[in-house]
Amino acid sequence: MQLTVTQLTEALIQSYARSGGINHIDGKNLPSKTTVTRLTCQLLQLLFPGFFDDKPLHTSELKIETATLLDAVAGDLEDEIAKALAYAPASASPAPNPRALAREQTLTFLAELPRLRELLATDTEAAFNGDPAALGREEIILAYPFIEAIAVQRMAHQLYLREVPLIPRIMTEWAHARSGMDIHPGARIGTHFFVDHCTGTVIGETAEIGNHVKLYQGVGLVARSLAGGQALKGKKRHPTIADRVTIYANATIVGGDTVIGAGSTIGASVFLMQSVAANSLVLNNECDVRVLTKADRANPAVDFQI
Amino acid sequence: MQLTVTQLTEALIQSYARSGGINHIDGKNLPSKTTVTRLTCQLLQLLFPGFFDDKPLHTSELKIETATLLDAVAGDLEDEIAKALAYAPASASPAPNPRALAREQTLTFLAELPRLRELLATDTEAAFNGDPAALGREEIILAYPFIEAIAVQRMAHQLYLREVPLIPRIMTEWAHARSGMDIHPGARIGTHFFVDHCTGTVIGETAEIGNHVKLYQGVGLVARSLAGGQALKGKKRHPTIADRVTIYANATIVGGDTVIGAGSTIGASVFLMQSVAANSLVLNNECDVRVLTKADRANPAVDFQI
Amino acid sequence: MQLTVTQLTEALIQSYARSGGINHIDGKNLPSKTTVTRLTCQLLQLLFPGFFDDKPLHTSELKIETATLLDAVAGDLEDEIAKALAYAPASASPAPNPRALAREQTLTFLAELPRLRELLATDTEAAFNGDPAALGREEIILAYPFIEAIAVQRMAHQLYLREVPLIPRIMTEWAHARSGMDIHPGARIGTHFFVDHCTGTVIGETAEIGNHVKLYQGVGLVARSLAGGQALKGKKRHPTIADRVTIYANATIVGGDTVIGAGSTIGASVFLMQSVAANSLVLNNECDVRVLTKADRANPAVDFQI
């Protein structure tokens, strides 16, 4: 006896009625992931003019092109922010006049773009100076996932500071999917920042990072995993990294009162749950190195094939 | 003397004739990656109604929208499964009547969706309770890569159990590319599962995971790397994780008879090849911390710049 | 007093005039990321005929299909290479006749495809032999991110050897975004290479890898982070890995004169800055394992909740 599509539909509809937590039916219109993604790409064009356009950009047309793009972005971003504000997250009360607030938030956000460009110029400089493989600044802006990811986070951070719901995280998760690096919109990051390779690096919501900090792939600036997670909302849970710190691949730094002093270097795969003074060098203990002979390799009792 | 496109074509055609292992010419029609990807997105819409639709979804239209989508999915999925069954992997004999079997597998798979929704509601709950940064369940479903990745794996696991070739892995690799987390379709995973940040986490084919387990980015539940890999097909090669275990970033647990007892915590970057009892705490030995003076830093013999 | 879009445009235009390093205005036309991405996909179709086509491929049409695709690729690739050569990176002088050079580079590159297919057949074989979860070679080519990533790197390496600017890195960063594995176009890689799971693995520009090498996710073959990075351009900065080496998840090997001898095994999360002899086994020291009683867990002084 075979099931029919009608029976399957009925079963799903009953399931929608039964377990409500993962539906969004008859609710406020949520921000559209598709639109937020397109806006993010258009904002990147405004930050790095001429890099992500399909054709060369000339001075003669720069003003009209910029005004046209900015006008389109302003309208659509206001719409999405209005939806996000109307949605009202569990942790806050809904805005009384979402449309007026959305307009104000959109315009003050867009007014930050020139300042963000100055920050991003320092990040590009840090990437160029920190990576001998870089052929030039153009290669970094065109090809490096880091520049896209930090540009998106610096924009999302501005929306986060204005308490816009949902949109900042949709923006940073778009960049996360592309770069493999998960920087929460809440993280506060200084100038001349660079993350080499990016994949697997995680920077939590309440992390604070100074100037001239260099990270590698797989570095985690994360929180302790305490019971009752939601009770910690808003508390400082992620580390503070002072100026001129370098953290090697796959090191994990844990906790909200952990401070890595200025000028320190943290070795690869270190797991650190305590603060260290300025100019510290933190390394795991030396590895065991065993060299096996041919006889060893013939002996199955030697656990060589791990 | 310059090469011509005709010469280049000739060279490639000869190469296609010479090394056959990486061609698929005159073979059975393979499942289409494009179609399987579209089906995966449509199935996510059915699992989380209203979240991934372009417009708000109202009760009045829910039944007709669901029936229409389910009907389209059922037809296309049956076609792709029929192709996969006709292809017949090296390790099995081809199905005698792929079309009838494809229809049965499609319908019994779709009948599992309501039960998968109940599991995914527990995962969403675990993500919300486990992450103070989460503003609400909507943010988790809209933005967190984890929810997409686990939803895809739980669906692919159902097709894996039905021994559908190729399609389960195309589905999980699509999620892998987006989330950075590689969960094999074969892995058996309990309720209230959560992986924070996801990037780099790997869960192998024969891993078994209990309820209320929390992982972080870069965790590997992997196999020993023995010679003669294909001889191990079907054997239990990946660890078993009991209930209420937390495993921190970049820890690697190896081997098919390794069992992590209930309630245990595994620290970051641990490399574990043996079982541990319930309620264990496993950490690497303490790091070396050296603090360098200005004089140290001026001395090139001190290997500070690692 | 609300800002207007006209004021915001004016502020951005002033910013474009002020901080020039991250603009590309009135410059040479850069290679298009969109076109390079499309070309990369078409080249994958030529390398693996029948796998990434939308319809089955038959011998009768193979020659005409291949000639048509190759002709289109040759023309577009020549255009993009000509743009890249005209752009002229900071570190080199512009080519005197970019168009003629672009044509030569395109044709000699395309002539390498049959040889790359032979290498990729050895990689596919290594993946199949090394992974008991693989159902067949078709699954590996259709679904595994590794095959796509190594195919793209082997092609980009050919363009890198010809000193084509920008395009090789755009190609490998496309693969990096999809697979999570960052292999620089400069890396020299032997036959029968396999990286399981891929996410987070990083292989630097001057790394050299022998034959039959197997890596896991999160492995870094990286450079020391010395001051004055750009001064090191062109120097050997990344490790050399001899034949038949296996490197487990999240291990980091650092430095240009570090050599891992043939037949060695490096354990997970190892951080290694020195050479090791052939047949070495390198492991971190044993972990601390503490098992906590119920009384321990009731005592907050026991730092169990890390």
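The chains carry the letters A, B and C, assigned in the order they are written, with residues numbered from 1 in each.
Everything that follows uses one rule, which is that contacts are C-beta pairs under 8 Å (C-beta built on N, C-alpha and C of every residue); 3 or more make two chains touch, one makes a residue touch a chain.
Keep in mind that what you see is a predicted model, and the values were worked out from it rather than measured.
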Item to check | Interface sides of subunit A and subunit B: same vs different residues, half threshold | outcome: different
Checklist outcome for this item: Matching the CA atoms of subunit A with those of subunit C requires turning by an angle in degrees, to the nearest 5, of 120
Next on the checklist: Centroid from C-alpha atoms only, then distance subunit A to subunit B, rounded to Å. What do you get?
Outcome noted: 22
Checklist outcome for this item: Residues of subunit A that touch at least two other chains are 180, 199-200, 218, 225, 248, 250, 254, 267, 269, 283-285, 305-306
Next on the checklist: Which stretch or stretches of subunit C touch subunit A in the complex?
Outcome noted: 2-3, 5-6, 8-9, 11-16, 19, 21-34, 87, 89-91, 165-166, 169-170, 173, 176-177, 180-182, 184, 186, 199-200, 202, 204-205, 218, 220, 222-223, 225, 229-235, 237, 248, 250, 252, 254, 263, 265, 267, 269-272, 276-285, 305-306
Checklist outcome for this item: Per the touch rule above, subunit A residues touching subunit C in the complex are 46-52, 54-59, 62-63, 66-67, 70-71, 74, 103-104, 107-108, 110-111, 113-114, 117-118, 120-121, 124-125, 128-139, 141-145, 178-180, 197-200, 214, 216-218, 224-227, 246, 248-250, 254, 267-269, 273, 283-294, 296-297, 304-306
